[in-house]
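Once you scroll down, you'll see the structures, which are given as structure tokens.
Two complexes are shown next, each including chain A; its partner changes from chain B in the first to chain C in the second.
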Partner chain A sequence: MEALKNTILEKTNKSLGVNAEDARLTLTYLSLAFIVLFIGGALGLLQGLNRAGLLELPVWLNYYQILTAHGVLLVLVFTTLFMIGYFYASLSHTLGGLLPKVRKMGWVAFGLLVTGVVFVVTTIIMGEASVMYTFYPPMQASPWFYIGLVFLVAGLWVSGIGVFINAASWKKRNRGKHLPLLSYFAVGAFVLTLLGSLGVTAEVLMLIPWAFGWTETINVMLSRTLFWSFGHTIVNVWYLVAVSAWYVTVPKIIGGRLFSDTLARLVVILSVVLNVPGGFHHQIIDPGFTQGLKFMHVFMSLSIALPSLMTAFFMFAVFERAGRKKGAKGLLGWFKKLPWNDVRFLAPMIAMIAFIPAGAGGIAQTNNQLNQVVHNSLWVVGHFHLTLGTTVVLTFFGVMYWLIPYLTKREMTTKINRLGIIQTIVWAVGMLFMSGAMHWVGVLGSPRRTSYTTYGDNATALGWDPYLFFLAIGGSLLFLGVILMVYIVFNLMFFAPKGNTAFPIAEPEDNASVTPRWTERWGLWVIVAIAVISMGYVIPLVDLILNAPPGSPPFKTW
Partner chain B sequence: MKQAAYGLVLYIFLMLPPVTALAESIMAIHMHMQMPLFVIAGMLMTPFFQKKFPNLFSKWNSNGIPGIILFMIIVLYWMLPRTMDEALTIPAVEIFKFVSLPFLAGVPLRDSWKKLETRVKNIIYISLSAIFGFMAWLYIASPNQLCNNYLIVEQKTLGWGFVFLAACIFIYFIQTLFIDETEYE
Partner chain C sequence: MKMHRFEEIWLVIGVGVLILSMVVTGYQTFAMEMGPPSNMETIDPQKVDETAPFDEPGVYKTGENEYEVVMTLQIFSFTPNNIEVPVGSKVTFTMTSKDVIHGFQIAGTNANAMVVPGHIQKITETFNEPGEYLVLCNEYCGAGHQAMATTITVK
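Moving on, here comes the complex of A and B:
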């Protein structure tokens, strides 16, 4: 009876469209996300102009305050808000509506996140937390900054548990069925988030008493290691969110089918199981780890490239099949048959193309010797503006063109489509300039996280100026892109004509093989992930704790 | 059969001299990475042996009990500090390690597991986590160096590795009690 009621509920949900209360939750998340993007982007522009020597920042809002806010707002807050909003809408659509309890958890998580952001931003503006988004000790921020971080993590936890509850309840009601693929991605992404947040939670709980002055010293290396177990993982979570849209929605948009349900689920499992120990590739130059250990972590880190390569294979196979179905001939004829003038395809497609150089750069810099050349230079900033600032963010933008009209029961107009194409091109060109310049000038030695200086007119430093000028041009284009995108999002939300927009979910091929049952064994995968994490972390952590030097007192370098 | 080929590749890779040298240079990697990988290589190769010698398995391991006992004996043997030392200093023992872990632990484990009753599986989970817990205590608490080849701090590291392994197995076991897989299928 219960089951029958629920299938009816799901059917009505699919034909009538989204549940109004679920839509309100997601729209709230997305509105705040794009407001945050606007602020973060404006700060980015200020940084770009400063670095080119075109703009001097006032003392009361200096470069490092802005940089901290830019990093936290964009890499942590914008992405988190987007992920929760997008996945809650996905659950609502594919599982027949959110459970009332889970919807409430979504609102609680929102409250926690907003509280956290208020704490963090206030302390940054007051000039008491210019510690960058990595908040490495022994630099010490106000304790309220760290307390804000606790709220942010708590928000992630509450929203994640909500996802698990909704998925488990669906599974109970639908015995023998596989969780729909998009919800499966949501579960995987939140499992990875929770696993990744364990280390940083421990770190922040050590930093808070230190920041209040209750403990005198802090173990610097331990903190950095715990931070990167999170920092690395969370970026891969954002990537997984983007990948979910590539697998599930993009094939539908181009009139193709799902390539392989099993392969997609395998990618999720591999991402969850292998990811967390990858954090060490951010510490290749750190002292305190033996050479042999660092060498072994190169493999750990490269193994994460495996699911990415599988994804690339999968996507190109889908494109080729879709193109051939439309009558494409020859080796590359399918390429022309793709709907290039549809922004819902163009944006994620450019996102995927950007991942080719981005992934190659990542594989390069995870090698010890190559890392020494680019470590802490602007190269690294160029790298993650490609991976995160382009691959992930452009995919998020691409989702907006159908998700918002779907939620508000409106339709995207051809005008907005055209504007979206312009936005995508502006973003791509802006990033080409900014990230390209950052990569190049980084190899020439220009450091990251350093406001404009010529080092007393040193010749080498002066030689960076032309590249930094290109960086500023790219940054200005990007800010134009931000303005366009924010305009598009709010236009779609409030002014687009009423109508019906579908939530694009690709169907499997007619002759698709059945998905094996082992993909649903989350109990096993979580345990395997914990085992892999302990294999990666036990050795260095025990060493860092047992052989620790005396801890460090706090420093305020700004 | 593809699996068996992967298993063989992994097996050979693990025995390459630079790989063994690196893996054995760190105590925790020696015991918690190299040795389990040998077992996994054996598990991957199992289908090959099952196809080649079907009678052997049905005759000697019909209910899975002999296989799992053999597995436990081999695993216990390699958990002793002394055997690790000998593997490093006596070539014959090193070769025994290369043979015993895949073929006398990995193969019987995979052949037995499907045949075992739930009750026996539960006993295995509990005893493995208990043994690992004991090893954790031994390696963390021992004031003496237990292996000639490894320092005390490495020993403690290994002990903490055992804490996590014991916890993993135990949590998995608890999870099987509470989450009935068939309920979700």
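Moving on, here comes the complex of A and C:
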């Protein structure tokens, strides 16, 4: 009886479209996300122009202040808001509506995140926290900055636990069935978020008493190492969010099928299990770790490439099959059959193409000696503007074209589609200029996180200026892209014509094999993940604690 | 789980490239001594000025064409600065920070190391080309970070 009731519930949900209360939750998240994108993007433009020597900032606005705000708002806040909004809508759609309890948790998480952002942004504006997204001690920000971070992490946890509760409840109601793939991605992404945030939580809990002056010194290397167990994992979480849209929604949009449900789930499991120790490659030229340990971590970092290689195969298999079904001939004829003039496909497609050089660059720079060439240079900034700024963000943009009309019961017009294509091209060209220039000048030695300088008209530094000029051109185009996107999002939200938009969920192939049961054994995968994290971190952490030098007192150097 | 034949080939090639890159990295690290700077010594970050060798920073000749530069990094300078060494010198930099985390990078070379308070970092570079090399801090260290630079003149 219960099961029947639930089936009916799910059927109604699917035919009537989204539950209004669930839609309101996600729309609130997404609205704030795109306001944050606008502010963060504007700050990025100022930086780009300043860095190229084209714009002198007023005295009351410091380069490092806006760089900190840009990083925190775009790497942490925009992405978090998007992830929660998108996955809660996914749960609502694929699991037959959010549980009332979980919807409430979604609002609580929103409150926590907003509180965290207010603390963090206020301290940055007051000039009390120009410490970058990485906040390495012994540089010390206001304690309220760190407390804001605690709220942000708490928001992530509450929303994650909400996802687990909703998934578990669905499983109980649907014994023997596999969790729908998109919800499966949501569970995986939040498990990874929780695992990745353990280290940074420990770090921040050490920083707060130090920032209040209750403890005198801080263990600098321990803090740095704990930070990176989070700092890199979280960007891989954003990547996993983008990947979920590739696997589940893109095949449907292009008229194809899910290539392999099992493979998709395996990619989620591998991404969760292998990811956290990858952060260590940010510390390849640090003191305090042996070369042997660093070499072991090359293996741990490179292993993250494995699920991405699988994804590349999966997606191209989907494209080829969809193209051939439409009558494509020859080896590459399917390529032309793809819906290039549909922005819902074009945006994620360019996102995927960007990941080819982005992923290759990542593999290169995680090998120790190559890392030494580019560490802390603008190359790295170019790298994550390709991975995060293009692959992840363009996919997020691509999702907006159907998710917002789906939630607001509207339809995207051909005009918005055309504008979206322009937006996508502006973004791609802007990134080509900016990220390309950053990569190149980074190899020449130009450092990241540095305001405009010629180091006293040093000839080497002057030679970097032409590249920085291209960086500024790219940055300006990207801000144009931000303006277009924010316009598109709010147009879709409030002005697009009423109508019906489907939530695209790809169907499995007709002859698809049965997904094995082991994909549902999350208890096991968490244990394996913890084992892998221990492999990567027990030795260095124990060493950093037991053989620690005397700690460092605080410094405010800005 | 059954994999597509092409997928197996693709993954074998992909993983092969990853393993090859590890072999090259490992060979360079352990056989050619090109590994990244990884010194394990520590120091009291509040007593750098009183601790040898940093109580006397400077350029020291340690052998024929070999030098050691004992260097402290602090906001926003390197001590000693504007160093001069002869062409062909093999120079080992022994460094620590007196305050926050700094970076030590010689532009146009592969010399690049993090200098963390409480830790002593070492990196060696051989200068075969004459000229003026730009040394800069590549880790954000505060309001004057963009001014933290010096030179090494090789003649």
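Operating definition for what follows: the second predicted complex is superposed on the first by the 558 of 558 C-alpha atoms of A that agree within 3 Å, B and C clash if a C-alpha of one lies under 4 Å from a C-alpha of the other, contacts with A are read in each partner's own complex, and residues count from 1 in each chain.
Criterion: a residue touches a chain if its C-beta (ideal position, glycine included) is under 8 Å from a C-beta of that chain, and two chains touch if they have at least 3 such contacts.
Note that the structure is predicted; figures quoted are calculated from it, not measured.
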Room on chain A for both chain B and chain C (clash or fit): fit
Partner chain in contact with A:A202 - chain B first, chain C second, else both or neither: neither
Partner chain(s) touched by A:I161 [first = chain B, second = chain C, both, neither]: neither
Contacts of A:G523 with chain B and chain C, given as first, second, both or neither: first
Partner chain(s) touched by A:T450 [first = chain B, second = chain C, both, neither]: second
Three-chain overlay, vertex chain A: chain B-chain C angle, C-alpha, nearest 10 degrees: 70
Partner chain(s) touched by A:N547 [first = chain B, second = chain C, both, neither]: both
Partner chain(s) touched by A:D286 [first = chain B, second = chain C, both, neither]: second
Comparing the two partners chain B and chain C, which touches a greater set of residues in chain A: C
Chain B versus chain C as contact partner of A:I483, first or second or both or neither: neither
First, second, both or neither for A:N368, with chain B first and chain C second: second
First (chain B), second (chain C), both or neither touched by A:F295: both
Closest Cα approach, chain C to chain B, once both complexes are overlaid on chain A (Å): 10
Chain A residues contacted in one complex by chain B, in the other by chain C: 290, 295, 547
Contact footprint of chain A on chain C as seen in their complex: 1-4, 6-7, 10-11, 14-15, 17-18, 21-22, 24-26, 28-30, 34-46, 75, 99-101, 103, 105, 107-108, 110, 112-121, 132-134, 136-147, 149, 151
Residue ranges of chain A touching chain C (in the complex, touch as defined): 62-64, 130, 132, 136, 138-139, 220-221, 224, 262-263, 266, 283-291, 294-295, 298-299, 302, 305-306, 309-310, 312-313, 317, 363-364, 367-373, 375-377, 444-453, 455-456, 458-461, 513, 516, 547-553, 555, 557-558
Residues of chain A touching chain B in the complex: 171-172, 175-176, 290, 292-293, 295-296, 517, 520-521, 523-524, 527, 530-531, 534-535, 538-539, 541-543, 546-547
Chain A-facing residues of chain B, complex: 22, 25-26, 28-29, 32-33, 153, 156-157, 160-161, 164-165, 167-168, 171-172, 175-176, 179, 181, 183-185
